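The same chain A turns up in both complexes below, where it pairs with chain B and then with chain C.
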Partner chain A sequence: MPLDTSAYGLALLRVDGRRWNELRRMHVQIRTQAAADGSSYLEMGHTKVMCVVTGPSEPGPRRGGLGGTASGGGASSAQSKDAEVAVSIVVAGFSSVDRKRPGRGDKRILELQSTISSALAASLHTHLFPHSTISISLHVLSQDGSLLAALINAATLACVDAGIPMTDYVVACTAGSTSTYAANDEAADPLLDLNHQEEQELPGLTVATLGQSDRVAVLVCESRVQVSRLEGMLAVGVDGCKQVREILDRVVRDKGHRMLLEGTVERGVGLDDMEVD
Partner chain B sequence: MASTQHALLSPAELAYLHASLSLTPPIRPDGRAANQFRPLAAETGILPGTNGSARICFADGTEAIVGVKAEVERTRRGDGGREDGVEYVSSRLEGDFVEGVSSGEGAIAAVDEADRVGESEWVELSVEIPGARDDDAGTVFLAAMLAEALLAGGEFAKKLWINRRFHWKLYLDILLISPPLSYPLPLLSLTTHLALLATRLPRLKSEGDEDPFFDDDWAAAPYLYARKDGKATARPPVSLLVMAVGNNIIFDPSKEELAVADVALAVSVGEETATTTAAEADEAQQQQQPLGRNLRLLSVRTIDPPSRLTPPGVPNATNSAYGAATTQKQPEARAAESEAVEGVWKAPRGGAKALVMAALVQKALMRGGVADEVLDALDAVDLVA
Partner chain C sequence: MPITITAPKPVQHPYADHDNSMSDSDSDSQSSMGDGGNNYKNVINMIKSESGSAAAAAAVTKKSGASPTSHSEIVTPGEVITDDPQWMRGHGTFVTPATSAIISSVAGTISRTNKLLSVRPLRARYTPEVGDLIVGRIVEVQAKRWRVDVGATQLASLPLSAINLPGGILRKRTETDELQIRTFFAEGDLLVAEVQQLFADGGAVLHTRSLKYGKLRNGVFVAVSGMGGGGGVVRSRRQVWTMEAANGGGQIDVALGVNGFVWISKHVETPPDLLEKTAGITNVEESVSATMYSSQNDRIEAETMREIARIRGVVTALVENGLRVDEDMVMRGYHEAVEMAMLSSAGPDDIYLGGERGQQLAAALTAI
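Entry: the complex of A and B
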């Protein structure tokens, strides 16, 4: 069903009732699984993903170990000085409206894997773990647009949970434009956080930044868009990333605070000075 | 092909585990009783986009998610019903009722339960284990075992029957979220069980053999497994993992325990849907029969335990490090053939004895036993679909 964008001009409301600069509801959980080194669960609207991180650990056939062919990107040598970030994405058959089974080695999935792998490898301090592998396994339970952004956010959180040192959160968000490429509308507004329907029809991009800064870690644009509109979209996307970072940071702090209260972890040196609110 | 992965344990560790599991009562590494399941947390209805979904976390941290999706599919001619049924459809479409009656007697009457036919192809089951390819032998074996239990008896496929021309095609996607810390069969089976209990299909509005037309009110959608007073009247099967060590029978073994198993079996159990009247129940009370479910054996599969591929230990008497004379050219080869010495690990050889197999199956089917306990526990889970 084609997206009706004509109504946007009347009330400046999108198909799901949001304004141009509003994120969808984000529900985030960290440390969802006891057996894993790190785990997270993230919902962006109806897009639901789960992430489990194993490692850093010795590579090879071991628990949670990923076959060499199944992993995406990263320096694959066990002898390398930096830890390899191996990402595997499993898209559940029931995740989209119509059930479909993506075959092994789907090019789209491979690209997502290598994008996430290289983005995280740049932020994680991989040089601290030579000859080892950080395996990130992502499960897509439900899809409604902004898949790559949700996967990056979930992977970041799981890495935080696993206690892997990193420079800052890698947070991602999507941005789009209110009219199609063909409409060639100069006055088109940029949009934040596209859902599936919007993603199908409108030009859009996924941007990931390094925490609060304006440093862009990932920029993926798979649709045709006029160059004049790109700047606005990018600005909105980067702004969205800052909002996402706030949400993720709140979740991590809340969880840490709760773990301190429950006595799951020892109160370390300097933690008293840390502002935990 | 070993259907389970290896635990990295030395012969000495294996011997220790085997010895402690062979005691009466057995001492398990995690302190459970022999017939005790791992504690679990379960929830259903986690994915509104599916017809039914469930998630189970075992206490050891393994976690699985199952989603069920249903699609309407046209039944191929000749396999959804008897031949005369197909003729009947065409004749009725022409409005020629008299011929319909003459070709298949009583076919004009409302289709009763007995007329429903199911095909095993109407169910597609896939298992996804992280780190394993989906065409990995172990994964395929797991999926086949789960499907076999579900389709045994053909009762399940009959539920997917809509009319003579259409049926539901049910896709079961089973995802293991955590790394496979133990053989995941019980976890996957229990999660599938819950997801199927929570599965609802839209209510059929059309009648007879018309193109199916459904009620769009999800609240009116009936459960795939009919429920009465919040309890399912019938339920999907569960597959339990049972193993024998020495004279002990141990349920729900962990990976380490499985590594010393003499025999490991996957026993699939279903519940007999016998409706007991109040009088019968009273009678049972008076006869002091143990209360419980009428369990029915659906399938049994032997699991190749990794213990068969473990290296044997070397007794001190033949170990050159302990001063034994090394006259033989190949001391290791001799050690492998040595007789059983107490406290020295020796991989189990040969097949399982029929008596042991019978005992394993009987223990799983026992009234008020483990299967009952598990089904009771799953019954207590609130269904949100």
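Entry: the complex of A and C
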């Protein structure tokens, strides 16, 4: 069903009732799998992904190749000075409306893998773990737009859970524009966090930034859009990333606080005690 | 282990408790109702002004870190711990080249040693330290050494020269030993060892030059979280001990590796006739080492197996309920578990300590 964008101008509400700068509901959890080094579960609206991180660990003698993974952050040889970030994505057959079995080596999946791998390799302190591999396994359970953004956010959280040092969270979010490329509407508004329907019809981009800063780590735009609209879309996307970071950060803090209360981790020195010596 | 995904919480307004920078965009959305919603340019300007200086960005980070809603004792990646140049950075932190601010790189709690600031992660892999007692598994056999998985970020190495060779502690290592390296340890064998040395990159070198260390058999292996953080096995005075099991289980050895790997096995006495024949301590070692590299299990009675399984249940229950694993907790937990089994209908054969029974056990241990 084509998306009716004509109604937007009347009430300034999108198909799912959001305003232009509103994110969808995010439900985030870390440490979903106790046996894994790090794990997370993330919902952005109806996009649901699960992530498991194993490592950093040194692989034993290799038996055959690592099928279906993309690696970044240095050479893939075991003797490299930096840890390798290997990402593998599994898209569940039931995740989208039409059930389809993706063929071996789907080009879209490969691109997602290498994008996530290189984005995280830039933020993670891979130089601390020579000859080792950080393997990130992502499972897509449900798709409703902003898939790359959800995958990046879930992978970042799982790495935080695994205790892998990083410069800052890599947080991602999508942005779009209210009218199509063909409409050539100069007055089109930017939109934050596209759902599947909007992603199909409207121009959109995925932007990932390094935490609170405005440093862009990933920028993917797969649709045609007038360059005059790009700045607005990018600004809204970067602003959305900051909101996402707040949400993710709160989840990590809550988890840490709960662990402190349970006595699983030792209480640290408070920031206020710093001056006393 | 199960995957735990809880139901989403009730919808929370994303702007509910944001600080100034976010309330700006909130007011935009209010005004946008009137003038056609074209106010995103304010957002652009706001972002441009923020990116003006790195110091401003750092200030934003600091403000959000110290806001009253956050829990000040937890730091998260990217959070500025301090910008006072008097402090030195330790593990879990980094400094940007431009500023002297110390920024956390992991989520955890701050620890301070004089002027050294470091962040202990909430959970991480085991990091070896010299003198740690560890349980490991051989993953690779090379010409003069073994590569051992100890649950760290890198494989540890165990050189052929660092093991007790059969035939006496003072025997010289020969080429014959190198050729039959697999007869000592093969892939998949478990061993208990000590960290002898660390490389600059964090790799560990192990040794088993003591009668306490060596190949493991007659027991069961449990992997729980280790000294990296987040509960599990902690460094303590005694990591290996022999305990008297209840219900006719005989004697049981427990080895708690600092890396979180645990070995629980039947205690095997040195045959007394060997001790009689040999006088000196080196001779004892000589005779013992004959059976040292055997992979053949001894006969284990059903009662012993049951008690080994019960101790294993205690260890996993301790970890599941976030309690530390050390000699004291395991012993108390075991006695508690034996009493719980007495009260149950199945009697001593009831060794299940998961779920509610595990919580019951943990509650009984923390109550004292």
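In this text, the second predicted complex is superposed on the first by the 252 of 277 C-alpha atoms of A that agree within 3 Å, B and C clash if a C-alpha of one lies under 4 Å from a C-alpha of the other, contacts with A are read in each partner's own complex, and residues count from 1 in each chain.
Everything below uses one rule, namely that contacts are C-beta pairs under 8 Å (C-beta built on N, C-alpha and C of every residue); 3 or more make two chains touch, one makes a residue touch a chain.
As the structure is a computational prediction, the values presented were derived from the model and not from experiment.
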(message) After the alignment on chain A, I want to confirm one thing: do chain B and chain C clash, or do they fit together?
(response) clash
(message) Counting residues of chain A touched by each partner, does chain B or chain C come out ahead?
(response) C
(request) Look at A:S88 in the shared chain and tell me whether it touches chain B only, chain C only, both, or neither; answer first, second, both or neither. (result) first
(message) Contacts for A:A34 in the overlay, against chain B (first) and chain C (second): which applies, first, second, both or neither?
(response) both
(request) Classify the contacts of A:E186 with the two partner chains as first (chain B alone), second (chain C alone), both, or neither. (result) neither
(request) Please write out, lowest number first, the residues of chain A touched by both chain B and chain C across the two complexes. (result) 33-35, 50
(request) Over in the complex, which chain B residues touch chain A? Could you list them? (result) 46-47, 49-50, 53, 57, 60-63, 65, 67-69, 71, 126, 128, 130-135, 171, 173, 175, 177-181
(request) Enumerate the contact residues on chain A facing chain B in the complex. (result) 33-36, 46, 48, 50, 52, 54, 63-67, 70, 88, 90, 92-95, 97, 99, 101, 104, 135, 137, 139, 141-142
(message) Under the stated contact criterion, what part of chain C meets chain A in this complex?
(response) 1-6, 8-9, 11, 14, 18, 21-22, 25, 28-29, 32-33, 36-38, 40-41, 43-44, 47, 50-51, 57, 60-61, 64, 66, 70-78, 81-82, 84, 87, 92, 94, 103, 105-112, 119-125, 139-140, 147, 149, 152-155, 201-202, 228-231, 320, 322
(message) Going by the contact rule set out above, which residues of chain A touch chain C in the complex?
(response) 12, 19-23, 25-27, 29, 31-35, 37-38, 41, 43, 50, 55-58, 60-61, 83, 125, 128-132, 160-169, 187, 189-190, 210-214, 231-232, 235-236, 238-239, 242-243, 246-247, 249-250, 252-257, 259-260, 262-272, 274
